[in-house]
Structure formats: C-alpha cells, structure tokens
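Letters are used for the chains, namely A, B, C and D, taken in the order the chains are written, and counting of residues starts over at 1 for each.
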Amino acid sequence: MDFLTQQAAQHADILISLAKILILLFVVLTVNAYLTWFERKVVAHIQSRWGPHRVGPHGLLQPLADGLKFLFKEDPTPAGADKFVYYLAPLLALALALTSIAVIPFGPNPLHFKGHDIYLGITDLNIGVLALFAITALGVYGVALAGWSSNSKYPLLGGLRSSAQMVSYELALTMSVVGVLLMAGSFSLREIIDGQSSAHGLFGLGGIFRWNIFAGPFPQILGFLCFFVAAVAETNRVPFDLPEAESELVAGFHTEYASFKFAMFFIAEYTSMITVSCLCSILFFGGWLSPFPASWTFATYLPSVILLPFGLWVIWDGLRYETIFGKLILPVVGVVITALGAAFLLFPAVNEFIQGPFWLLSKIFFFLFVYVWMRGTLPRFRYDQLMAFGWKLLLPVSLANVVFTAAAILRWGN
Amino acid sequence: MPILNYLWIIPALPLLGSAINGLFGSKWPNKIVNSVAIGSTGLSFLAALEAVREFTHLAPENIPWVQQYFTWIIAGDFRAGFDLQIDHLTVVMLLVVTGVGWLIHIYSMGYMAHEGGYYRFFSYLNLFMFFMLILVLAANYVLLFVGWEGVGLSSYLLIGFYFLRKSAADAGKKAFIVNRIGDFGFMLGMFLLFKSFGTLDFVPLFAKAAPLPADAMGHLGMFTVACLLLFMGACGKSAQLPLYVWLPDAMEGPTPVSALIHAATMVTAGVYVVARSHILFTHAPTAMFVVAIVGCATAFFAATIGLVQTDIKRVLAYSTVSQLGYMFLACGVGAFSAGIFHLMTHAFFKALLFLAAGSVIHAMGGEQDMTRMGGLSKKIRWTYLTMLTATLAIAGFPPLAGFFSKDSILLSAYQNEHGGRILYAFGLLTALLTSFYMFRLIFLTFHGKPRYDEKKVHVHESPKSMLVPLMILAVLSLVGGWVAAPAFWGGSDYFANFLQPVFWQGGAMNAEAAEAAAHALEIPLAIVAVVSALLGLIVAWWLYLRQPGKPEQLAKSMRGLYNLLLHKYYVDEIYAALIVKPLLWISTDVLWQTVDVRAIDGTVNGVAEGALGMGDNVRHAQSGNTRSYAVWVVIGALVIIAIVFWPYFRATTVGAVR
Amino acid sequence: MVPTHYYLILSAILFGLGVIAFVFKRNIITIFMSIELMLNAVNLAFVAFSQALNKLDGQVFVLFVIVVAAAEAAVGLGIIIMIVRNRQTLNVESVNLLKL
Amino acid sequence: MNVPLIVFFVLAAMCIIGAVSLILQRHPIHSALSLIVVMIALAGLYLLMGAEFVAAVQIIVYGGAIMVLFVFVIMLLNAGLEERTNVSKLAGIAGVPLAVALTGFLAAAVARSQDTVQAATQTGATAPTKALANLLFQDFVYPFELTSFLILVAILGAIVLAAPRGER
C-alpha cells in the first residue's frame, strides 16, 4: 500500500495528468450527450416543435436513452467489408477527436493542490495550434476509411467526398489562422490568449476590443470568418455535410455503421464541434478573457448574477412541472445551480478562479449554439459549389488576410 | 583632296565596275557594260596619274608613303592590315597596270564585240585590275598575297572564259594548279619571314633585314631559304622553269586576256615580288644566282621552243616566257631597275604584239595558224605597221624600247661576278633567237603569198577601238626606252635614277660607281646585241622569204631536234609521266581506295557496327519491366555507396554501436 | 538521451525496407508509397544529424524534402490516374511497352 | 533504461513494423495505412529529438495531405488486391538480397559517418520554431521560393494530367 503511495509521490505528475484525462473525458462525453439534446431542442424550436420531452423532464434523459439504444442495438458487419479497416475507422475518428481536446487550456490560473500546480487543460504544447491541425488533418482517415471499408457504393462516395472536402478546406483553415499566429508570434494557445490581453485594442479601447478579432494592427475579422467556415466544413457539419448527405447518399460514409460504431462517429463529430468552438473562442475571441475592461470590477460578479436567477427559475419551473419525476429532480438541479452562484458570490477566491473558465465556456457555448443555429437554418451546398467555394473564395481570402496582416504588422509594429 | 590619303580608291574603282557588271550587266546592252568597265578603269588610271603627281611632290622622308586603312587579321603579335603603300617601284607598276590595262579594255571593246558573255568578260577583267592593283599597292606580304591569289583567280576565270571548250577549261585548271605549287613556296616563304622578323609589313621588315649580315655564297641561311621560296612562287606566277608550262596553254583565253594578263601585267608579278623584296635577295647571293640561272635558262629554253611553233599566239607566249626570263636574269644579277625597266617596255611591246596578233586573228576570222596566213601586209596595214614596230622593239633594234632595256640587262649580266660571261652569252644567243622567231612570225604572217582560201576568209581591218590602242602602244614601244637613252652619251639613266630610292642597296652595282665602268662597255655590247638581232632578222628573211622550201628541208634533215622543239621538249609529257600520273595513282588508288574507303570509312563503319552489335546484345536488359529497372537502380546505388564509403568499411565493422 | 546513430541505423533500415518494397511490390501506387517511405527515412537521418550537430539546417532540408514529396505525389498520382485510364491496370509488370 | 530510450524503441518498432507490413500487405489501402503508421511514429521520433515543428509538418503534410491523396486515389481507382505476377526474373531473384545488402551498406556508412561529425554538446532543448523560421526565410529563402514555384508547376501538371480528356 505504502508502495503505491511512494510511487504516487514519485510519479505525481503522471497521476495528475491521468486524473485530468479521465475527468476531461467524462466531461466531454457528457457534454456531447447533452449537446445532442441541446441541438435537438434548438432545431425543434427553430422549426417550432417541442423536440424531445418524453424521457425525463424536458427530455433531459434523452441522451441516456440514446446511449442505451446504441449499446444494445444489433451490430451487423456488411458482407465483403474489410474487417480491420471497418473496425479501425470509427475508433480512429473518435480517438483523434478526443485527443484534440487535450491541448486546449481552460483557465489561466493553476489549481493549487498538495504543492502541485494543476493547470486546467491536459497539456500545453508550445506548438499547440499545429498539434491541433495535425490531429484534425488525420481526422480525414476516419471518414474516408469508413466509407471505403464498408464495401458499398454510397459510403464510398461519401468517403471520397469527405476526403476531398477535408483536404481542400484544411488549407483554408490553416491559412486563416496564420494571421493570428503572426499577431501572437507563438503557436502556444496559452500565449495567444495572453497576447490578446495586452494587445493594442481597436480605438485604443480595452476588453473585447483587444481580442484578435478586433485588435490591431489588423483585425482578424476576415480570418475569423474563413476559419469558422472552414472549420464547419472540416467537421462535416451543415451546410457542408456532403459526406453524409442523406438526400443523395442515404447516410454517407456511415451508412453501413450501426449501434456503437455509429455512436463513435457521432461522438467524434460533436467532440470536434466542441474543439472548433474552443479554437474559435481562443484564437479570435480572447479565450478566457473577459469582454469588459479590467476596470469594471462588477463584471466579476456576472457568473453569479447569471447563475442565481437561472437556478431559481429552474426550481420554480420544477415545482410546477407535470410529472412527479420532474417535480423531484428539477428543483434539486436548481438548488445546485443556485448554490454554485451563491458560492461564487461568497468566496472571492473561487470567484476569481472561475472567471476564466466561465468566459471561455460561455464563448464555447455560444459557438456551439451557432453550429446548431446554422444547422437549423442553412441548406446544404452542392458538391461542385462546395469545391468552388473552398478553392476559389475561401483560400484566396484567407491568403489575402495573411498578406494584409503581415503588411500591417510590418507597418505598425506588433 | 590629296588622293594619297585615299589610295584605296584606285583599286576600289575597278572592283566597283566588276561588281556592277557582274551583278547587273547580264541584262544590259554592250554600250552600258563598256561605259562601266572602261569608265571605272579609266577613272582609276586618272586617279593613279593624280596619285603619281602628288607622289612627286612628296618629301623624300615620306617615301615610301604607307596608308593603313583597317586591320584585317590580328592574332597575337601578328597583324595583317589593309595597308597600301606607294613608292617609286609602285609608281612604275601602277602606271603600267592602269595604263596598259585601260588601253586593253578599250581594245577588247572592239575585239569582244561579237562574243557571248560580254558583261562576264569585262567583269572578270575589272576584277583582275582590282586584284592586280592590290598586289601592286600592298604594303605587306599578306595583302600582296591576296592580290597574288586574286589575279590567279581572275586569270583562271579568263583563261577558261570559253568554258564550253574543254581545252580552255583544262588550260584554266592547269594554270591554277601549277600556280598553287608556286604559291605553296610563297606562303612558306612568308611564314619563314614572319618567324624570323615578326612582321610582314614591308617597311619594318626591310628595315630589320637591311643591317643583318648577308648569307655566304652557297650557304643556305634564312635569307637564302626565304628568297628561294619566294622565288618559287615567282616562278609559278611568272612562268619560269620548271613551272612555265601553264602559260602557253593559257593562250586558250581571249587575246586581250593574253595581252593583259599573260604578257603585260600578271606574269610580271613574280618579277615585281623579287624586285620588291630585293633587300632580302641582296642578302642571299645564292638565291640571286639561282634566280639568274633560272631566268637565263628559261629565256633560252623558251626561245628555242618559240622557233618552230606555228600558232601565232603560242609563239608570242613562248617569247613572253623568254622575256620574263630576261627580267629574272636582270634581277638575278642585281640589276633590279633594269629588270623593272624591261618589265615596263616589255609590257608595252608585248601587249602590242598580242593585240596586233589578236587583230590579225580577228581579220582572219579566228585563224591562228601562221602557216595558213601570209601576205596580209597590204590588207591590214595599220596592224602590220604597229606589229612591225613591236617586233623591232622586242628584237632590240635601236632606238626602240626593247633595245635599251635588253641592253642594260645584258650589260649588267656581263658585269656579274658569278659566271657573268656565260649568262651574257646565253642572253645574247636568246636575243638572236628572239629576233629570228619574231621576224619569222612577221614574214610568215604578213609577207609572201597568201596561204589561205581567199574566198572563204575575207580579210578586213579591225575597227578603230582596236586600232587606237595599237597605235598608242606602238608609240610607247617606240619611245618608251628613251628615258634610259642618255646613258649612251655619258648621261645618266633617268629610269634607274628614278628607282634609285628603292634600289639604292640592291642596285648598288648599277649606281653611279658602276655607271662609269659601264660606259666603257656600253657601246660595244650594244653593237654586238644589234648585230645579233640583225643576224636573226637576216636568217629569218632568208629562210622564209627567199627559199620558203628550206624550213621543211631543215626540219627533215634534223628531225629529232625539230620534233623535240615542236613538242616543247616533251616537258608536258614528262610532267604527266613523272608527276601527274603518280599523283593520280596515289590519290585514287592509295588515298581514296585504300586510306579513305578501307581505313577511315572502315573504322567509322566498324565502330558503328560494333555499337550496333553491342546494343543488340545489351538491349535485352531493356525488358520494359519497371521492377527490373528498380533492381538496376539498386545495384547502381550499391556500387556508388561502396565506392564512396570504402574507407569506412575498411575502418571498422558495420554498425559501430558503442 | 538517445545516441544519434540509433536514429541513423533506424533510418537506414527504413530506407532498406523502402527499397525492398520498391523492388518487391507490383502495384504502382504501393511502389510510389515505398518511395515516400525512403524519403521519410532520409528525413529521419536529416533530423538526427541536425540534432547531433545542434544545427537547424537539417530540419530545413526536411521541410524542403516534404515539399518536394508533395509535388511528387501530386504529379505522380496524376500520372498513375492516366496509366489506369489508358491501360486499366495498376500492375507495373503489365505496363511494359517500353522495350524492344 | 531511461524513458526517452524506451520511447525511441517503441516508436522504432512501430516504424519497422509499419514498413514491413507495407511490404507484406496485399491491398494498397492497408499498405497506405501502414505507411501512415510509419509516418506518425516518425513524427513521434522528431518530437523526441525536439524537432516539434518538423514533427507537426510531418503529420500535417505527409499524414494529412499526401497520404490522404494516396488513399483518395486508391479509392478513386478502386484498386483491388495486388496480383503477385513474376514477370521480372531479375527482381524475383536478386531484388531482395540486393536490397538487404544496400541496407547493410547504408547502415554501416551512416553509422560510421556519425563518427566523422563530431557530435555537438546535446542540449535537450526543443528547436525554437522562430529560429527555424529565420533560417528558412533568410538563409534558405531562394530555395524556399524555388520550392514554391516547384509546387505551382506540380499543381498545374497534376491538373493537366488528371483532367478528363474533354477538359484538357
């Protein structure tokens, strides 16, 4: 036993990162699950429906049900499929998607725990952005191989499309980030965020105007638009979900996949959505930086100001909910949320600590909402339109962005 | 403008005329062609006169007057420029060439009137004038050689003017090839001169050469060799033994050509070259002696052949050869001025003779055989008179031109220390023979009964354009020699004095010092010469007018000698046997059939076949299978690595894991 | 720290395997891949040397090699597509018209 | 047995296994996957050597672009199993031994050449990407431009080659 503790003492950092990994994995998967619920809800309301509301209050247990369904469904393997690759593809997709989260820092300050500084975020590579791109670049294989290995023509077409699409848009993706990299002068996400805290803001203003999207010498608005569009395409989301265009390809590359393998693709897709949202908020929207100037101290109470009413509303809503289960569970949730808000309010240290994560998460949430929003509103591209758009508009614009940024930095310094 | 600064104009004018006629003349009527050709030559004659006038006003230190126009060849320290120079010698040559040339142009206007290729003829003739003037005006051996070859070319073209006649074409080729032999020597001479003096420009070269010690007699020093080589070229150009054979055949060309090129100007180029490089020659007594001997021999030899020829132009041709021999004799004994003097006079009377002969032929409607003529004196009086004048001149009757020049040559030959007497004797004999065969020609042609068919041939006097030049030349050959006349009554030889600045070294022995000694001999030698000439005249008269049967009897009585002479000592046959045949055999059987076909082609084809065979075997490696190629690549990589990293492998074992 | 010659020997082995694949495979695309494998082996050697010498030039060379490889892939695959279009096969041994 | 060494051997094993399977696999897709494994392992090795940027580029360009292109083409041409014809006797007989010999030579040569380069003092530091950039855009700027031109030409060539007959 003491041997274990001794080992633990020796390899504390390893243990810590293991713990971090487990926690993050859990969080991400849960978020994934509830992202599906969120998406369905939002889309439903966009289409003036109710969305899921049978399983649990407001259908909150729907993800659970889906998970169970995935687990217990029959899992047929198409005849003449290339077994190895057929199994490899979803694993690849999921693994890569989850890996990419690892480099993302979630907060500025370390958590002090038994003399160890525990940063939020698994690792902080000083080539973080490049690492992310490397991982996303490999992401193609999941789709392409899945499409190929199922030995069926629709998936094959889906795979072909996706590989072509992803390779094409990866260029634009990378190029659109170069502007930010030039302004930050580093690949490390952490440094990029810190740079934005001290950058020369638009009109010399602080706060939100120092984020890369607005900050001088060259506001990265173009870069952001390119990046977001390309990222959406990378993640095969609407309106770029050609690989799984149900109207043409049944279900695209994962037509032949069922049950948990399909779930893997599903999770991978949503995880990469999260990753992209993180990147957007970190690269262009100042990561964990507050949109308000530091002088506005009251802004630090914003988390509790949001959480307390929300928690109270949840309690009230739960009390007047139809089902017994709802009447029981919702108030509890509401209490928890209220307690959180109260805690932030009462313990300044805690409040100070959660500022960063709060802002970052809210931004991520915003971008996820935009994802869902787009899905709810935009029609799908035609394939040739997709290619033309990627090569003839997106890439040139992002290149122009790079050139202008470089010129501006040369002219007005950094 | 002083034309001396624009000497190039003199040769340029004929060139222009030649170009114009050659390029556009074919379409033009004869009149325009005439005006172009004669105008250009006439203008260059005037230019020459003007140049001479200015030359006479030049300060002596400016002589020779050299003009550098542009650099033609430059390689290392060798420079050959387009440089023209003019000095006394050049003046003489210049006047002779342009003057006589112009007269002959005028003459040919009438003579060629009915010939085809009129424009071609005049184009060639002008071209010849151009090159001849270059030759005369050149200020270095290289440019001189250009003119040298150029006149050779135009002579070739003009000899072969009737190129449809095979004999004409062959004669042209013969002239060209024989001249090549001479030119070979000439070029070697030039190389040797450049090697030893580092320049080929006359002025510096002679300046360098003058102070050097002369080669001893009979000793082959640089000078001797160079001079002999140059003389070889001169032999070729001036038809001396043994290279004279082309000149008689050259008579295939139109008569004016024979007159201009093969009598008056081109053939004298050799003499000119020898005279021009007299400083070298005076440093090479051996060469001088050789020149003298060759000249003397040629003179006698050609004269003897001339005795029996029946073709009027051939007789003149051989007489030309022998007269050239005279000139070389003169140069050989150091009497360069005498040689040049004879060159001038000879230009006059020999040109006249040829032109007159041409007029005769013209009158006879193309007949050249003297045995089919006779009694023409009445019919073509002017021709007769002029030709008679020329004959008297060449035979050396005072006070005509030939007398003075020939006399001074004989004199200086007599005074020569190396076997001067013998040379003199042969010279005298030649003079006798000359007057004999010349009068034979006159008598056969103009006296006695007509031996031609009166009805067929109707003899007619030539047109003015032909007669006027004849008369002018007659006058010239009458008075041409008088510049040297005063020598006889104790005066001084103006011509020699005029050339004094040029020949002050070479001509030492007929400079004033020798002059006095000469006077004693002058008169007796002259008398002897005249007597011998008279003798020849009488014999000719006796044989061909008193007893016309005699010559045949003589020919029969000594048939061997007669045939020998008639066939020109079989020289052509001997050459054919000794040189041409072996040469042909070597070039066809050895060089062509064996060396070229067997050796060279054999090698080349062998190589090709070898490559073919090799490829045929190797091509199987070319399987077209990429994997095999890949293996080949691997092998190549192995070899390269093995070579590059050999020391490493020797150093230690593979791996080197430590 | 890993000794440099470990990397070097590894790169040599990889290169050799690439050569073997180059000779051994029949499928044009695979042969092409084996070429890429060889390039990678060379890159490894480059980086190893750059680390051993503390010079970055090696890494720059690697970047160039990668660029060239990309260009090569673009053109080469285009050629392969042409071959398949014209001869309906990927087997190099049946693409052997280049012989007498 | 320190950690980097273990990592090295693991990655090296991945490389070699991947390369071998590239040879042994009969289906081009599998070969391609094996090659991707090799490349990723190599990227790991680069990281191990502190060449982070090169590692990233290795994965992005090789893994993410070039190999994707291969896979794409394989899928496009629907390449089947490779038929093991043996037309080339030479390759069949001499190929593999020669290649092995070449490997030995190379290993020897390269390993020995490591003695000639006097190994500089090993600072385990990772290569700063900035320094690399400076080197690339200052000392090697002309090669850099040349390569860009090369890429352009290659793109044009690829278009011309692969475009359907009608559009060429």
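In this section, a contact is a pair of C-beta atoms (placed from the backbone, for glycine too) under 8 Å apart; a residue touches a chain by one contact, two chains touch by 3 or more.
These numbers come from a predicted model, not from an experiment.
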Would you mind checking which chain's mean C-alpha position lies nearest the centre of all protein C-alpha atoms? C
Please identify the chain with the largest separation between its CA centroid and the CA centroid of chain D. B
Note: chain D sits from chain B at a C-alpha centroid distance in Å of 85
Using Cα averages as centroids, what's the distance between chain C and chain D in whole Å? 6
How many Å are there between the centre of chain B and the centre of chain C, using C-alpha atoms for each centre? 80
Could you please state the distance in Å, as a whole number, between where the Cα atoms of chain A are centred and where those of chain B are centred? 109
Residue numbers of chain B (touch at least two other chains): 623, 625, 627, 630-631, 634, 637, 655-657
Residues of chain C engaged with two or more neighbouring chains: 5, 9, 19, 22-23, 26, 93, 96
Got the chain D residues that touch at least 2 other chains? 53, 57, 65, 69, 76, 87-88, 91, 95, 98-99, 102, 104, 106-107, 109, 111, 113-114
In the complex, chain B touches chain C at residues 619, 622-627, 630-631, 634, 637, 655-658
Parts of chain D lying in touch with chain B, wherever the complex brings them together: 87-88, 90-91, 94-95, 98-99, 101-102, 104-109, 111-115
Chain D to chain C touching residues, read off their complex: 2, 4-5, 8, 12, 15-16, 19-20, 22-23, 28, 31-32, 35, 38-39, 42, 45-46, 48-51, 53-54, 57-58, 61-62, 65-66, 69-70, 73-74, 76-77, 79, 82-85, 87-88, 91, 95-96, 98-100, 102-104, 106-107, 109-111, 113-114, 117, 119-124, 127, 131-132, 135-136, 139-140, 143-144, 147, 150-151, 153-155, 157-162
Interface residues, chain C side, partner chain B - complex: 3, 5, 9, 19, 22-23, 26, 31, 92-93, 95-100
Using the touch rule from the top, collect the residues of chain B that touch chain D in their complex. 623, 625, 627-628, 630-631, 634-635, 637-638, 641-642, 644-645, 648-649, 651-657
